[in-house]
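Sharing a structure here in structure tokens format.
Order of writing sets the chain letters: A, B, C, D, E, F and G. Residues in each chain are counted from 1.
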Amino acid sequence: MTGMENSLLLKTATQITLVLLMMGLCLAFIRLVIGPDPADRIVALDLISVLIVAILGALTVYSGEKAFLDVAIAYALIAFLGTVALARFRERLARRPDKEEERNYIP
Amino acid sequence: MNETDNHRSDWIARSTALLPLLIFTGAATLVMPVMSNGPMRPSLPWVPGLDIFLSFNIDGLSLLFILIISAVGFFVTLYSVNYLHGHHQTGRFFLFLHAFMLSMLGLVCADNMMALFVFWELTTIFSYLLIGFEHEAAASRHSARQALLVTGAGGLALLAGFLLLQIITGTADISGLAVHADALRSHPLYSAIFVLIILGAFTKSAQFPFHFWLPNAMAAPTPISAFLHSATMVKGGIYLLARFHPILGGTATWTATLMITGAITAVGGAILAMGQSDLKKILAYTTITALGIMTMFLGGRATPSLTAAMTFLLVHSLYKSGLFLMAGIVDHQTGTRQLENLGGLCTRMPFTACSAVAACLSMAGFPLFFGFIGKEIMYKGALAETMCPHLAVSAAVLANALMTAVGGILIVRVFWGRPRPELSAVKEASGFMWVGPVVLGGIGIVFGIIPEWVGKWLVEPAVRAFHQSPYKIKLELYHGINMPLLLSVLTFILGGCFYLAHRPLFRLLRGTVERLPITSGRAYDGCIAGVAWLGHLQARLLQNGSLHRYLFIVMATFVVVTGYTWFTRIDIPPALSLPMLPIREWLLIALITAAVITVLLTRVLLLAICALGVIGAGLAIVFLSYGAPDVALTQLLVETLTVVIVSIILLKLPALKRTAPPKHLKRLMDGILAGAAGILVTSLLLAVLAIEPDLSLTAFFEQNSYLAAHGKNIVNVILVDFRSLDTMGEIIVVAAAGLAGFALIHQKRGQ
Amino acid sequence: MNWLLISPIIIPFLAAAVCLLCRHNPGRHKILSLAGAVLHFGACTALLVYTTRNGMIAMQAGNWPAPFGITLVADHLSAILVAVTGILGLSVVTYSTADIDDPLIYAGYHPVVHILLGGICGAFLTGDLFNLYVWFEVMLIASFGLLILGGETRQLDGGVKYVMLNLLSTLLFIAGLGLLYGMTGTLNMADLHGVVQAVPDKALLTAVAVVFMAAFGIKAGLFPLFFWLPASYHTPPAAVSAILAGLLTKVGVYALIRMFTLVFTFNIAYTHGLLLVAAIATMVTGVVGAAAYYEFRRILSFHIISQVGYMVLGLALFTPLAITGAVFYLLHHMIVKANLFLISGVCQRIGGTMELDRLGGFYRHHGFLAFLFFIPAFSLAGFPPLSGFWAKMILIRASLEINAWIAAGAAAVVGLLTVYSMTKIWGEAFWKPVPENAAPSEGGIRATADMRLMLPIAVLVAITIVIGLMPAPFFALAERAAHELLHPEIYVTTVLGGV
Amino acid sequence: MTDIITALLLIAGGIFAFVASLGIVRLPDTLIRMHAATKAGALGSGLIFLGLAFFAKDPGTTLRALAAVFFLLLTAPVAAHLIGRAAYCSRVNLWHKTWIDEFADVCDWCQTASTDETDECRLKDGE
Amino acid sequence: MEFVLALLCGLMTAASIYLMLSGNTIRYIFGLVIATNAVNLLIFVAGRLFSIRPPLIPEGAEVPPETVANALPQALILTAIVIGFALLSFVFILFYRAYQATGTVETEKMRIAEPAYDAHPTGNPHPEGNNA
Amino acid sequence: MQSLILRSSTRLLVSLILVFSIYLLIRGHQSPGGGFSGALVAGTAFALYAIAEGTASVRRALRFDPRNLIVIGMLLALVSGLTGSIAGQPFLTGVWWTFTIGHDYEIALGTPLFFDIGVYLIVLGTILTLILALEES
Amino acid sequence: MSNLFVLNIFLAVGFSVILGQFNLSGLTAGFIVGYLALWVTRPLYGPNTYFSRVGKVLQLVFYFIRELLISNLRVLWDVITPGHISKPGVIAVPLDAKSDFEIMMVANLVSLTPGTLSLDVSDDRKTLYVHVMFLDDVETARRDIKQGIEKKVLEALR
């Protein structure tokens, strides 16, 4: 329909890839949860966003919809802004006299 | 304002007395035509859809009231100019006074029940404004509000009664109700209507147990007391009882209620009057007595009773307004109204004294005074009753005897006796002030001498207006020696005794009310306090400033009501079997679930924010997996931008102090509520999914997206074409959020 | 006809845009805003006039046939409410030219007010449920903006509560929408009227109706969902309170009336029974709540709740007269309530506070202001011959007609307790002499001489008196609105063209 | 043929991405974990898009897929630099085997930060 | 998948309500974000999931040649997302400013507009007034 | 944020992202994208710019108050909605002009597209207004 | 001036590629859009050299891809085997790259190459601080970076 047809091989390969990527997401999420430093969490989030770009790419292949590619490109372009913003946050945290705990916890 | 200005404004105010004078003249000329041609019934449409017309019914009853109102209004106007000389709010005073008078006239003329009610409530409002005329005194404000609330409550009952009458009979005109009278008296709602209308009349006419507002209303300027609280407004209730006598009257309920209440009010008011030392309070309590007597006689069925009520109405209006005006003059000239500070004024204020004597003798029912006529017909009426005549007779005798005593007290304690040294400088008041009492007293004497004339032209038409009977209506000075005359003699003897014993009685009764375990005045205070208490209760239980409570109640209401509605009606619970899904989808769901739980449990700010991002991104993948690239794209972009905004705000936030965790029980309740909400949403959604979907709208969009709207992205075409009005609103939301957010950020800097 | 329907929505947005362009010049800004309000008023009035002459009209936005596109519909109810919105908009904007200081104008006060007006008119006119949601959000965000404009701490505090509770309504609304769409596959209200009858699962439908009831109930301020209102309405400038008080909850009431006369009428005994209970509880709680307060605007705020109860009572009783009463009450209440808030602003200017125990002497020193307060206050209390009397009377009569004794009793008692509150204000702020602890504001004394403040108040008072003295045309209008509401087939035919 | 290449590239990308995730869980300190996350992650995604570029039939899609690779490779190191700097300079605990640190004396935010907030650090915010 | 997503929707609703009730503006925002997402998901699921094909008309075609996903709920969700984003941005700023002004993120301590209730014999709970 | 690496990458990225945002806007009627997503992408670009270079630099680059974008967007959306109304059609009725370029390459330009541009401008204006104001507060 | 022009062309090509219409009209449209984008971001561009020979660029690309693959495997090994073989450290690398763009390219490519991660550039722009994962000898590592990536980058860009 959309200029891209899938063979069984590709279907299987994308299925495997997607499972790998999803497992990767879950692992990265574990790091996100256990931290311990904010920087660790930001790294994890950065990886998660990269993995999501990858999933979007894999879904494009899986579905054969080239329209999905635009979503992937858009996210690839701007996902890192979140990382930048949070990294900046982490950096400013380091420069403040407040105790880490008070800075970083929801009261 | 200088004296000449005052003088000029006095004359302007005085000239407004022309209005009641004109009305009086007009009404007087109508007496004859109405007698011969029957009532006049002008009518204007007002709200025809609700059967509300400005229709009037000017008959004998109305004319009697009009004449009383306009006559007393004329003298009160003249009187007030001098009474209020130099006061800064005379303009308002006369405005309210005349507005009240017109409302009162409307009340006694109206035929349509709603019109009557409108005038009824207008008198209440102007009474409020006039009682509170000396508004800087707390007592005035309190009394005004009390009168308003009590009569307002009665008014609401009256409204309900009127509406019921209208609903049952289908007619809104009082004149049209008479044909339904029999049906009404046997209607199951008769008692309800009766009680409601009686409540209106009793509150207005200060019948027990609603009498307490009237003595307090004496906070009003004295001319107002004379006008509203003796001659006119309080008689509104009497008027109403008379008007509805042919419609609702005649039943045992009616007679018993009115007679017993009237008797209690009459005797109780008179007894309480004996315990007062303030001139106006004494007059107020005797007014209550008089109103009680009228009510009692309106409870009757016999023509003499009703004649007695109407006659006494006229009698009382004449002498009581005169007495009030007298009390006002005394107060105005001496600066006091307390009996113990007064005495020997007859030489200093001869005209006032004369008028007072005339009025008091009328009140006491001395022969040759109109009061005597009233008393005689009263006894005649009471004796004519078939239902509990003894009660009526004894109440009337007792009340009249006490009023005789009060009349004596007033004459002797104020005008006789030794002149008090501190009153030596007192002068007679201006002629404008004493002319009213003098003329009213004079009328009392004239009427007392020619009762037949009064009976024929004033009382009979009034009684006939609400009472059809072949029985002759006649007022006579002398009937021969009969039972009423004997009762009169008894009354004088008893009255003399009461007068002689008035000082011990006074000591005995002073503070009676305060000593009673419960009084209606205190019940009123209790009600007011009760409302405030309920308000406090509300403020403690509901609107108590705790946002948690607000949110909890709102959510709990939603969950409980919707849940009750749903789970009590649900037919088949949805099958709970997990479908087969590819591993990647399970992983995705697990990831989103884990992220949700993380946000729920973590106290680490950054982790919570990141987990929110994971939820959003995970959902974006769900959206994409089911064919929604636009949604997925937007979702991802919004997530990213949200993280950016959050991070900027986080940078600005100073340290957040760690606080004690909330109580476990509270959070347990929250958790139960949240869980219930989750189950509710899931079950509703599953039930929706069980219904066969209707995709006709989507089919239309798919067919027309390219062919009619030149777009191949159907979602986008829906957004900017098919449903572009949504998008129009949506961008306005965005713009407003931008403007409001900007203002919010910058206000801090700007200030 | 197309212009008639769209102008009340579009003109405010254009006015907002133009005002924004001139945001650096407060003088020109005010003039443009006023001009926009005048135009809007004209458009709203024109719509009412046209509707009363020609009956219900509809416009298919984008020229896509219903139910596929979005329909704008003006029946009598909508036209009346839009016209009142126009009147209140003009009044409040005029008032604001004096009441709102330059810093707030720079912050964008006027554009946000116009956006609010446009959103409200959109909500009144739309015939599409999702579109209604969108206009609700327009109103919501504009009201957020107005509520916190000025940025005082108590405004922010009140704003937080307002926002938190109102967002619940938004969420419930859209959740209900999703469920209803999933069941019926349509969003057009006229279409829903027919489709809903065919939905087999009436239990589910009833549950969804209750979801909508909760969502709109929060907006309308029904018991026990009203908390946002008294928590916040006393915090912003008076002009803002006035426009919010006059219009916002009424949109919730309107939505309830629309949905529960057009769509959710398959189980009246249950849904409207629920509404009846809520209405009575709302009337009582609101009026009782006011008793606890001594702050001018907090008292007024609680009375909004109480009176919303009256309107919903009319809907719940569901007889022609009751619905007429609800519409009449809406009409009366919007004007009177907004006006009372405007007056409270003048009082605050003079007395420097809204606390009743520190106010006093207005009756003596500002007689005209006292008169202007007295009329709406006693109208609110339901005294004849003012507008509130007719509204209350119709509802009591409607209750009595169907033997709803408790409702009638509650309506009457609540009326009395309204007198209690109004006389509290009157006695304290107007009759009482200026108290010792008064803190009159500098120059506030001139407020009663400022035509921009007094004229709108006076005009609204005049309207109140006119409705009171000549209720017949307004009653006839409300009756026609009620007739249309109780005969949804008229609406359906107008929108779907006799399909 | 293109299918096989695509499949291989996809699976290779998936493996790299998975390894990156494994690394981020397993490796001992923040900076070392970043090596895995940044490089392997970007490489993994890049390979998947490369596979997509092979798979696509029209040149536009191919070029866009390549553009995605380019964007990934452009942004990943910048993000890594910012996180790494922030992590390092806020004194995350370095792994005990870290044996040389030539940046320590230069990045001195923490010492100054603990004394005074106003002239906190040598690195001023961009104005 | 619809079934699982319905469960997820319920979970997210429960979580959001629990967070909103926490008495803390920060957690309320988290709850709000989750709730918004839950509602979007609800609309999406209520519109039925029957195709991975997006509602796009391919080159050369005039109507979608095969079954595509339901476009209308997507449009509705998009509008809802945009509105949600606008509201969320505003709410962020409001809570931030409220925090600056009141010095707390705990809603139970935000008692400036409605001070702690203290009954007064005259019915006036706050004789001093609070018009700061 | 003082980082040479970030700043020099930003120079490359910002223009790329802006180009991409225009692409999303223009192609939105035919493929995923549209005014809102385009504007979000553009907003991201400016946010990046602001983080890397500071807000003053963004304001210099923009040369005008972003609130003007909101105004222009509102007016554009309203005017494109009213275009149909002037011709007597209901509000928001699409008016289309079709141009033939070359042999048979047709381009359809319609008011819905301008409407989408209005959406773009409003959303971008709002994002810029808020982000710049927040950064500067 | 010429740099801007080059960048503009670059954007025009990019636009037309993305648009999927690599023809004259696409390029023209891209040129206009790119010009607008550049115009909007004008203050970003100080005086700098931007473009150099294409061949060097290609060389750099291939070198980079090889490095990327090879050293990724090393990281992979460390991750999937039990225990850790890494010997990390932070080193300072003196820079020959002068312009912003050159420094960025060097730093980014260093980061992308597994085993090394650019932490920061010193204020005087003369030193690059790099975290190295497998650091056996400081000087070797420095030389690898200088002779490897930096040299290739500078050749490509100058």
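Keep in mind that, in the parts below, a contact is a pair of C-beta atoms (placed from the backbone, for glycine too) under 8 Å apart; a residue touches a chain by one contact, two chains touch by 3 or more.
Note that the structure is predicted; figures quoted are calculated from it, not measured.
Engineer: Which chains sit in contact with both members of the pair chain C and chain D?
Structural biologist: Touches both chain C and chain D: F.
Engineer: Through how few touching steps can chain A be joined to chain D?
Structural biologist: When the steps are counted carefully, the minimum from chain A to chain D is 1.
Engineer: Which chains contact both chain A and chain B?
Structural biologist: Chains that touch both chain A and chain B, as defined above, are E, F.
Engineer: Using C-alpha centres only, name the chain that sits farthest from chain B.
Structural biologist: So the farthest one, by centre of C-alpha atoms, is G.
Engineer: Could you please state the distance in Å, as a whole number, between where the Cα atoms of chain B are centred and where those of chain E are centred?
Structural biologist: Each chain reduced to its C-alpha mean, chain B and chain E end up 45 Å apart.
Engineer: Rounded to a whole Å, what is the gap between the Cα centroids of chain E and chain F?
Structural biologist: About 26 Å, centre to centre.
Engineer: Go ahead and note the Å separation of the Cα centroids belonging to chain D and chain F.
Structural biologist: 30
Engineer: Please work out the Cα centroid separation of chain B and chain F, and write it as a whole number of Å.
Structural biologist: It comes to 61 Å between the two C-alpha centres.
Engineer: Hunt down the residues of chain C that sit against at least two other chains at once, touch-wise.
Structural biologist: 13, 20, 61-62, 72, 130, 134, 137, 141, 144-145, 148, 151, 160-161, 164, 168, 175, 179, 182, 230-231, 291-293
Engineer: Which chain D residues reach two or more other chains?
Structural biologist: As it turns out, chain D has residues touching two or more other chains at 22, 34, 38, 42, 58, 61, 64, 67, 71, 74-78, 80-82, 85, 89, 123.
Engineer: Please set out, as single numbers or ranges, the residues of chain E touching at least two other chains.
Structural biologist: Chain E, residues with two or more chain partners: 20, 26, 42, 45-48, 52-54, 56, 58, 72, 78-79, 82-83, 86-87, 89-90, 93-94, 97, 105-107, 110-111, 113-114, 123, 125.
Engineer: Which two-chain combinations touch?
Structural biologist: A-B, A-D, A-E, A-F, B-C, B-E, B-F, C-E, C-F, D-F, D-G, E-F, F-G
Engineer: Give the list of chain F residues in touch with chain E in this complex.
Structural biologist: 30-32, 36, 123, 126, 130, 134
Engineer: For chain A, which residues are in contact with chain D within the complex?
Structural biologist: 3-4, 7, 9-10, 12-14, 16-21, 23-28, 30-31, 37-40, 42-44, 46-47, 50-51, 53-54, 57-58, 60-61, 66, 69-70, 72-73, 76-77, 79-80, 83-84, 87-88, 90-91, 93-97
Engineer: Could you list, by residue number, the parts of chain A that touch chain E in their complex?
Structural biologist: Chain A reaches chain E through residues 1-3, 63, 65, 67-68, 106-107.
Engineer: List the residues on chain E that touch chain B in their complex, please.
Structural biologist: So the residues of chain E in touch with chain B come to 1-15, 17-23, 26, 30, 33-34, 37-38, 40-42, 44-49, 51-58, 61-64, 68-72, 74-75, 77-79, 81-90, 92-94, 96-97, 99-100, 105-108, 110-111, 113-117, 119, 123, 125.
Engineer: Would you tell me which residues of chain D are touching chain F in their complex?
Structural biologist: Those in contact with chain F are residues 71, 74-75, 77-78, 81-82, 85, 123-127.
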